[in-house]
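These notes are about the structure you will find just below.
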Amino acid sequence: MLKVAILGAGRIAQIHSKSAFLNSQCELKLIADPWKEGVDKLANELHCEACYDYYEAIDRDDVDAIVIATATDLHIDLMLHAVKRKKPVLCEKPIDLDFQRSITAVKEIQSHDGKVMLAFNRRFDEDTIAIKEAILNNEIGEIRQVIITSRDPGMQPVEYLKTSGGIFKDMTIHDFDTARYILGEEPIEIFATASRLVDEELASINDYDTCSITLKTQSGKQCIINNCREAVYGYDQRIEVLGSQGLLKTQNHRPTTLKKYTLDFTGAQKPLLNFFLQRYISSYRKEFDVFVSCLVEGNEFPTNLFDGLQALYLAVCAIASTESNKAIAVNPEGPKESLTDDIGLFLL
Amino acid sequence: MLKVAILGAGRIAQIHSKSAFLNSQCELKLIADPWKEGVDKLANELHCEACYDYYEAIDRDDVDAIVIATATDLHIDLMLHAVKRKKPVLCEKPIDLDFQRSITAVKEIQSHDGKVMLAFNRRFDEDTIAIKEAILNNEIGEIRQVIITSRDPGMQPVEYLKTSGGIFKDMTIHDFDTARYILGEEPIEIFATASRLVDEELASINDYDTCSITLKTQSGKQCIINNCREAVYGYDQRIEVLGSQGLLKTQNHRPTTLKKYTLDFTGAQKPLLNFFLQRYISSYRKEFDVFVSCLVEGNEFPTNLFDGLQALYLAVCAIASTESNKAIAVNPEGPKESLTDDIGLFLL
Amino acid sequence: MLKVAILGAGRIAQIHSKSAFLNSQCELKLIADPWKEGVDKLANELHCEACYDYYEAIDRDDVDAIVIATATDLHIDLMLHAVKRKKPVLCEKPIDLDFQRSITAVKEIQSHDGKVMLAFNRRFDEDTIAIKEAILNNEIGEIRQVIITSRDPGMQPVEYLKTSGGIFKDMTIHDFDTARYILGEEPIEIFATASRLVDEELASINDYDTCSITLKTQSGKQCIINNCREAVYGYDQRIEVLGSQGLLKTQNHRPTTLKKYTLDFTGAQKPLLNFFLQRYISSYRKEFDVFVSCLVEGNEFPTNLFDGLQALYLAVCAIASTESNKAIAVNPEGPKESLTDDIGLFLL
Amino acid sequence: MLKVAILGAGRIAQIHSKSAFLNSQCELKLIADPWKEGVDKLANELHCEACYDYYEAIDRDDVDAIVIATATDLHIDLMLHAVKRKKPVLCEKPIDLDFQRSITAVKEIQSHDGKVMLAFNRRFDEDTIAIKEAILNNEIGEIRQVIITSRDPGMQPVEYLKTSGGIFKDMTIHDFDTARYILGEEPIEIFATASRLVDEELASINDYDTCSITLKTQSGKQCIINNCREAVYGYDQRIEVLGSQGLLKTQNHRPTTLKKYTLDFTGAQKPLLNFFLQRYISSYRKEFDVFVSCLVEGNEFPTNLFDGLQALYLAVCAIASTESNKAIAVNPEGPKESLTDDIGLFLL
């Protein structure tokens, strides 16, 4: 049976560990983290070994597959280490916050024929899957416009966001991947505009809290993404797809279906699911299960390093568009090696 | 052109008068009411004559059709007067609050070959029509269960209800007609239970404010009606029909489609349309237009005196069921002439 | 740690076994069933012992609590066996299909001070909980009318239903418990009417497929239950509560939130969750967890033998009402010992 | 009483004529159109005079106010004629398809102190009004993002669209006005992208069928407009407003509230209202009534020539943005006199 090591003991690592524990095609061998207290508690709960060194965990002979759910700046190093030992990896997004480093790393991983699945969990959400299936079944004909609404329930402190990479790399990056997935065609043009409407303090770290992005593909399909760091009514995650034969819409998720009708309000419901851990918990589960079943059954991973790179690339272009007030051309085959040229070349 | 006289100058009469004014197949000739001030104002607004005597209005040679929207206790007399003068009538429901008088009157009107359309306006509501059409188009197969929810936004004072005839004759009577219309088959059994949950004072007039009624037809189709004199969230009017191939549901109407999502409530809407004049205004309009077009084109009226009698009959049986705690058998061919026997016979 | 034995290896037993496996307050000690193949497979998957004898499993010293998920006709024997050994029980509903046997058994279990939680899983459904909480928080004032719609997606063959106890004891019994739970007050009167609209063959076993039931409490609160063995659009489970200050409504559950808008239909969604195992899986989980936490923390069980008896009592009265076409009085303190007298006494 | 002349006898003119007929504060004096057959029929139906010359109609002494619902290229001439005779005007949008001519005309009309209300009927839609009221009541705090979805049910032939002025001036212009109205602040930046996804033939007239537009105001509020000339599921008209304290959403309108649940689809509704005459009929009525009441009560018009100019200005900027792939700066005080400079100046 496939033996899995989870690197990390934080929130996402806990989800993956529980998935591994419940998945009948694999065995949760160990959880690794230098944070002894956290890893001990988690390993104890899930009846597996604790390990205090990421690299040691990767090296162990009784570990077949690696899940990287550590801090972002370790992703590349740990992926490379695993790949060199021929161990397949499920790595949390993003590859790295630095675009140039990411390009270089992907090249190196590819030179080792590394098997890496990138953890874009939203692709495994039942609603996103249902949309994709309806499109593939030709239920709405050719896609014309996609609208992705993605808003966080509340904003973290500016201090915390300082290391996030900015709204485009931290938040919109999920929507860039969803856009590529649903469009089924690479964007070749991007325009972004951003504001500070939640907290003016974001100016101090050159970041934004509210943005609107327009993508266009070669064939003219359009995608509009709108993000806000704060939506007081809860975690707002909706997708609309206009096709030549119809429209698809997903709705927000709620903890119950109860509706209340009173003198003042009719049809009021309780607040939405609070945040991504509640809203997307089943997609995290399914993502892990797909990772394991791909390995066990020898299938291709549904998300790979190119997906990781392309989403980051779109984020970098969005930043350039915001700064220049111009649409940016995007190379559908992915970024060139040298970043500066790339962006330079592609300003329309 | 068909010349119409409206008898009455109250709320319903005002609606019919405006319908007549706008209908291009007829001419609003006059509005009649002994209440001078009211009828003068209304006639002036709608550029027609005012008349202060109902019988005189019916008698006039330049009046072809009569709309009776007066107090209920005048319905029978005015209908008979019109029918004897061979003038077709659109009469507001009910025929009369007294069941025995109603039976006798219907017999007499029929002996004069009277043309009377009874004003069950809800049959002309766009939602009810859409339900009936879907059933007739066999979109849900054979009917199994019908659920009619019908609740008033607020209760009139007990003083006012004293002359209403009680909840079954005053309120449920509409739902009895809707039930017959949707079922497409006469009920042969009725059970009713009633409570005083809004105002205990109703005991003083032997009336109720909350009731549940079960009807069954010969073929076993069931219909559940639930009424309450007070629903603080507004005028609640919904119909559900379970068929062998599907379910049909109508929803309440609202003044706008706006939904609001805030910290406390998500999806809250403004209150429902306040009451029947708002909710059913278009059905009143359509009802009048159907009356006129039936006359102009020589078609049968869609609602007639039998419908009026049958709804009243069900109300009388509901009262008997409430009092006896037993299901009451209903004669699908309508009440026999003598009331006492009738009910006596039909207790199951 | 609380050591749990699951009796049974069928569908419901599998759910309880998995709940026990995942519950961190208890240990899944063993699963017992004479059906070797089934129990071996299940026990193997969940890393616990298999046992081939129910009574042996109850007797084992290393078993602290018993879950009875066997065939219905063993419920009473196994409960009594466990209770005599002072072991607490979570027992699937119903107590027994025979009302008189149930009354006698409950008396005997009570004489042993037996701790039994009866598995009315729907009380642990998130929507039902949300309704109950809103009522307890006085969000809609005093209850006036409750409407419970409960329809199966499809009907089992008549052959299978022969041993079900009939629609009232097999299907409506869940709704009787829900009604009592939501009303917060015992019914004192019941009227039921039933038809065969799905399959006439049910006449051969004196059963029905479609029924409507009206309950009334001492204070006049009304509850309408409507059941049908077949709803082609899926498992229809909805509750409405009208209160003096507002209305509560729950809606059906769906596998995704996707809506599709095309030329012919707008807003169409995929079919509902198929049946009770899909719709109520989380309530089964929660039910088990509540059972364990009550034992660990020393709390009263939220559902007990009286609940089981009262739901069965209402089913028996519903049958009597259907047969007599009369409302049946229900003793709010539960059935008397002798059934015949009971029903005889209570015909209104 | 205010005497009104309607110029035009086409679809919109018919609506305004009927509004004038029903409005009790004004008298429908005449309808004017050189198209004898059309104007005779309409005037006959509404009991008013027919006139075959627009200018003669304006000049008549017994006409107090003018409604211009003629072909677009006559708007400016007729407005100027009326304004010179000191007669107030309700003029259909747009002022003119030629931006430079519009600027010049507005200046001239202003020099005559002309009283002109521009017919942006959607501002009088009950849903738009409800959104605006909720914003003004501070129900969702400060506006952050507005999303306007506006799609036609089907596309006219390219031949017809040749004279339409293009998608931005013909279709988006309504949404530009709605955006300005809801934002309550002028846009200072616009980016537009457009495709031909419905009909490639549009390339022959340099027009598009699908477009996405991003607007930003001085304070950073964002507005996204998405248009498509074809939505097979019907006329799609929705608005969303994200504010600091909540979200507002309007929904599409339907002819009935009926929902159907079958084996394949659940919750399917009939198609949306077909097109703008069905969807916005009540807003046309209300618009006219507001025009009359402003005149009778001496209030300012809610929409004026500046609104007409600004919407056209945004359309011109959208065209420039589409062609240049750059965001265009918009002067919040309106276009400068010379168009070329204007656009030249404002490219960001």
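Per-chain numbering from 1; labels A, B, C and D assigned in written order.
Rule of thumb we're sticking to: contacts are C-beta pairs under 8 Å (C-beta built on N, C-alpha and C of every residue); 3 or more make two chains touch, one makes a residue touch a chain.
As the structure is a prediction and not an experimental result, all values here were calculated from the model.
In this structure, the chain pairs C-D and B-D differ in their number of contacting C-beta pairs, and the larger number is found at B-D.
For chain C, the chain whose average C-alpha position is most distant is D.
Distance between chain B and chain D, defined via averaged C-alpha coordinates, is recorded as 42 Å.
Work out the mean CA point of chain C and of chain D, and you get 59 Å between them.
For chain C, residues that reach two or more other chains under the stated contact definition are 232-233, 245-247, 252, 259, 261-263, 270.
Within the complex, the chain B residues that touch chain D are 24, 45, 126-127, 129-131, 134, 139-140, 245-253, 255-263, 270.
Interface residues of chain B, counted against chain C in their complex, comprise 142, 144-145, 147, 149, 151, 189, 191, 193, 195-198, 210-212, 214, 216, 219-222, 224, 226, 228, 230-233, 236, 240, 242, 244-247, 325-327, 348. On chain D, the positions that touch chain C within their shared complex are 232-234, 252, 254, 259, 261-272.
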